[in-house]
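Read through the structures below before going on.
What follows is a pair of complexes built around chain A, which joins chain B in one and chain C in the other.
Coming up: the complex of A and B.
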């Protein structure tokens, strides 16, 4: 055949080339550059910069603000992730259940997902106005006799933390629900039928069929949420003064990094060091999650062989 | 194989994490709670268009001058400049600074060949540029500044180490606006001269606050927020924040803390937040507390641009039921200060140094241009006659307070019957600022001021609420400053 003159053995490389090039330029290079910058005192307002080894990191860990930011980021993420995954699991079970047969699943899914499409800036501005000292929440509570006098919610660390957690939960539970539902609907119905035959109740079916089979989806949800959570930025940044006020209660890793970046000198070296620490922390925890939730059956099979 | 692909995908995920880490996703400078005051006029200016960036195509056969700014204000002068310099084409690029885009873009182009010839610099960041090596020395324009009797603080801001690198067409001295009807009720007079005597320094202002509270039965607050008077204390320090690379606290800052505490504890301030609903509501008497009781605000500290762009547009409530138009008076106030403003500088790397300098001279140090600018000569028709492509919304209304004392004195009488003077109950709007401007001092201004002062807001409020002690407040502030200025010595 004439066609065989062209060698197709290497065609595959052309197909993956766009990804590889994109990854090298937009993925790997920035990683390298960030790590390189974090060992210098580079600023945007000075042409020269010096290698200062681990000085940026020493300063970071001597600085209480950084430890506060890490603690805040973890608190805010965990407090929004637990209800998020809980509600998402519950909704997914309901909407995929053969017994309940809820109608209009698609519409519900869309409604759950809608908050995710709103602009964070608009949501933050909305909640700020609602909870401000002269805002409607205070008016409602005081005029209804629930509290004796107006409270400055914007200055209350617990209220502001609660708001960030709530907004993050509200924006992201739909996304998680959709992912988990997709995982659940891919489980073969025959498994449930067999379980019903054997007299299993709803809880047992969830525990022994659904849960193990959606584990890969859960790992995915957990890791992507962790990655997103460690970079939490827009809502806490826009909700108050952009500096994590009140009392640094909603100061996250990325707000801290941005504050260093946009300071009058543009300390990008110091800002990079925050990025590097967040990178190491997130990588370590992600790998730990992969390790703890690994497929145990693989190992058994390997041992058997 | 499975393990390999797993490792690979993990690596990809991780690299994505870090990529996202290094580039702050949405550079958003304008915080919701304490939006930098100076950004507001940029938003509300009548000439400010929304499209970005509004670069105009260069015309053939002309010398191109690249000018960057964060409002459309200077475009008016750029067009006027083309009238007197027909062989020049000013290519004007507007990048908004609402969320810090302008500062980020400008910082990122420093040291590259994409830098413009002339840059507009706002008060919050002008000093960092003046202190840097990126701006050209414009000291040889100083004779023009002397001739026009520029207010000293205007060029002090543009000067570092004896070298002047930036000039401004406007001066933005601060003043105190008060409600005439309330002044009559509590002090028996609404005459600006008498009121200035009653509120002549900060101690008198605090005493007057007590009178206002007592005579109004607690229904009128002296001031809407403690953010209102912070600038006054900062402007009257005797040492800058940074002395020999060491963070320094001037006694005036202690005085600020004391005053803010007294205002909070005694209920002299309305606990509103600057640039937020309650703060604006006080300007038109529509402020009500949570129970629905009406509350009034006696005075606001605002600079020149605050009158046409902040106070006047907010003096009538949204439903038109309450208005305070004509019920305001203006005085120099307890302490001289300045707030905001736009400076012009030339980038050192420009290849058109002479032309760029001439542009800065024309905009900031040209008597005719400044007069036209302040008296409303630059109408849309005027600009269209020079360049038909000028947008319909482009013009400069009369009333901007210019930096030259010579021009101010010349045009002062023309404002006797202006709209803003009617707003002030017949008081010449220009006159109030002309009285305040000569005593303003900006020698202490440094590039790091904005960040250092912002860092104090949150700890100060915690202290006022009683959640931290005074010592803890200073410690929190120092931690926050250290975070943004890693090289600074903090005692």
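Coming up: the complex of A and C.
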């Protein structure tokens, strides 16, 4: 076997060059620009702008609306994430159970995943129509005699919050199930066989074999869902009037950022500062998750055996 | 003992199926109502819920057009953006990933860890700076601003790298070199055909992502004739369409039905693609 004498390794630079250039131009510079803007009073309406140091950030933290947005985003994310991971774990255990032998696992999964691919803007508008005063949900409830008269769901903060949580859950539980199942099916069957020999029950097998071994997948799901959840926009934006109504109940970080961006003056300096704060918060929490859920050395040894 | 065990299993199984059916109904009913209502007249919709399609699709479509909602235009805009984004994403991500997998250049490890960090950066941190920068160079309100950033899609490169590593055959590359192929020629003529299934899977995700993308277009695009489907969907909530329920549902259905069709055609690729990258084989 004669290998070519020429060293081709440096050709690799040509292959990655478009990515690196594309990243510098469309990735890194905009990030730098956003951070730089967050320290200025730039608006879209006037040509000059001034460096104002941390003024945007001071104003932001003094602003009750911003704190509401942060609180809402966290609430909406946690409220949908807990049932999402719960249902996904249950479904994964059921689908992979040798005892239950659930039929058509692939088809169930495929159908549960469908909402994830649908356009969030259309889904939000759909649920707005379904829950509007003359919409099908009111029709169903009134005609079925479940409620005496139609309810104005769109103006109820708790219903709207619940609806955002439900839609987010609805769009994501299928994807989480697929990920967790992929983690579970990669666990060697011999581990379970050994556990059955030792007299372990279903719960013990889940607790001591499945749970520790799917931890990397769980961390992945948790962090990607967190990063996505902190950017929640389309659903709460289009479910009501685009300003987080009623009573700021579904105002999220990104809606607030958009509102500052599209304000009459176009305060892009202030809008950037929202992005920067949310980024710092998200990174901090993600790193904390990685740190708290890191693989401890004794677990690694157990895996090695 | 054995009998009890089977009985308990059967009871559990019953409840499992019950919950699966409930989840299935929750998943399907909103989508089904959307599609069915797109075919029903506003009067029918107001009269009550039905799971059966009707015959008013064309009427609804005419109402939409008469209200100034250029659905075909939005469809074409979204389709052009999605298809171009798909091509750019797949080609450049494969090219970058191939460069990382096939060559041992200096700084490769650093570049790869850097890409992994990039995956974590949210668009919140770049979109406003990106917008202002596009205004400066005159690319705001242009599709280029929506498509070109896909040259450097960190998540896609990550996906391609995982995929290429699993199918890489060094001997084929060496054979190509002996036959006098250029390095880029090897990538185009030898690697790409082998990597086609992975490229296809990535392509579906890129297409769906671009088709559904609302936020970036909403920030960057201002001319009415350049509106994408999700932007048109957003206008459907306006007063012009008040009480034109059939037309509203049709507008919404037009934006989700193409994706549903793609999904049912290629669900195998999609479902397998989701867990790639998350779970190390």
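Basically, the second predicted complex is superposed on the first by the 270 of 305 C-alpha atoms of A that agree within 3 Å, B and C clash if a C-alpha of one lies under 4 Å from a C-alpha of the other, contacts with A are read in each partner's own complex, and residues count from 1 in each chain.
Keep this in mind: a contact is a pair of C-beta atoms (placed from the backbone, for glycine too) under 8 Å apart; a residue touches a chain by one contact, two chains touch by 3 or more.
Everything numeric here is computed off the predicted structure, so don't read it as measured data.
Student: Quick check on the superposition: with chain A as the shared anchor, is it clash or fit for chain B versus chain C?
Tutor: Superposition result for chain B and chain C: clash.
Student: Please indicate which partner A:182 is in contact with in the superposed arrangement: first for chain B, second for chain C, both, or neither.
Tutor: second
Student: Identify the partner contact of A:36: answer first if only chain B is touched, second if only chain C is, both if each is, neither if none is.
Tutor: The second partner, chain C, only.
Student: State whether A:57 touches chain B only (first), chain C only (second), both chains, or neither.
Tutor: A:57: touches no partner chain.
Student: Where does A:231 make contact in the superposed view: on chain B (first), on chain C (second), on both, or on neither?
Tutor: both
Student: Is A:111 touching the first partner chain B, the second partner chain C, both, or neither of them?
Tutor: second
Student: If we overlay the two complexes on their shared chain A, which of chain B and chain C does A:131 touch? Say first, second, both or neither.
Tutor: The answer is neither, since A:131 touches no partner chain.
Student: Of the two partner chains, chain B (first) and chain C (second), which one does A:26 touch, if any: first, second, both, or neither?
Tutor: both
Student: One more residue to check, A:286. First (chain B), second (chain C), both or neither?
Tutor: So A:286 meets both chain B and chain C here.
Student: I'd like to know which partner A:11 touches here: chain B for first, chain C for second, both or neither.
Tutor: It touches chain C, and chain B stays clear.
Student: Among the options 21-29, 219-227 or 273-281, identify the stretch of chain C whose C-alpha atoms clash with chain B after superposing on A.
Tutor: In the superposition, chain B collides with chain C along 219-227.
Student: Need the overlap of the two footprints on chain A, from chain B and from chain C, as residue ranges.
Tutor: Touching chain B in the first complex and chain C in the second, residues 23, 26-27, 30-31, 33-34, 121, 125, 128-129, 134, 139, 143, 223, 227, 230-231, 233-234, 238, 254, 257-258, 261, 272, 274-276, 278-279, 282-283, 286 of chain A appear in both lists.
Student: What part of chain B is in contact with chain A in the complex they form?
Tutor: Against chain A, chain B makes touches at 2, 6, 10, 12-34, 100, 103-104, 107-108, 110-111, 125, 127-129, 132-134, 271-273, 276-278, 281, 287-292, 447-448, 450-451, 454-455, 457-458, 461-462, 465, 467-468, 476, 479-480, 482-487.
Student: Can you check the complex and tell me which residues of chain C touch chain A?
Tutor: Answer in residue numbers: 9, 12-13, 16-17, 19-20, 23-24, 26-28, 30-31, 33-34, 37, 45-46, 48-49, 92-93, 95-96, 98-100, 102-105, 108, 111, 118, 120-133, 148-149, 151-152, 157, 174, 177-178, 183-184, 187, 208, 211-212, 214-215, 218-219, 229-231, 233-234, 236-237, 245, 248-249, 252, 255-256, 259-260, 262-263, 267, 270-271, 274-275, 278-281.
Student: Please name which positions on chain A make contact with chain B in the complex.
Tutor: Chain A reaches chain B through residues 23, 26-28, 30-31, 33-34, 41, 44-47, 56, 59, 63-66, 121, 124-125, 128-129, 132-135, 138-139, 141-143, 149-150, 152, 154-155, 223, 227, 230-231, 233-234, 237-243, 245-248, 254, 256-267, 270, 272, 274-276, 278-279, 282-283, 286-287, 290, 298.
Student: Tell me, which parts of chain A touch chain C in their complex?
Tutor: Checking each residue of chain A against chain C gives 2-4, 8-16, 18-23, 26-27, 29-37, 42, 87, 90-91, 94, 99-100, 102, 106, 108-115, 117-123, 125-130, 134, 136, 139-140, 143, 170, 173-175, 178-179, 181-183, 186, 216-217, 220-221, 223, 227, 230-231, 233-234, 238, 253-254, 257-258, 261, 268, 271-272, 274-276, 278-279, 282-283, 286.
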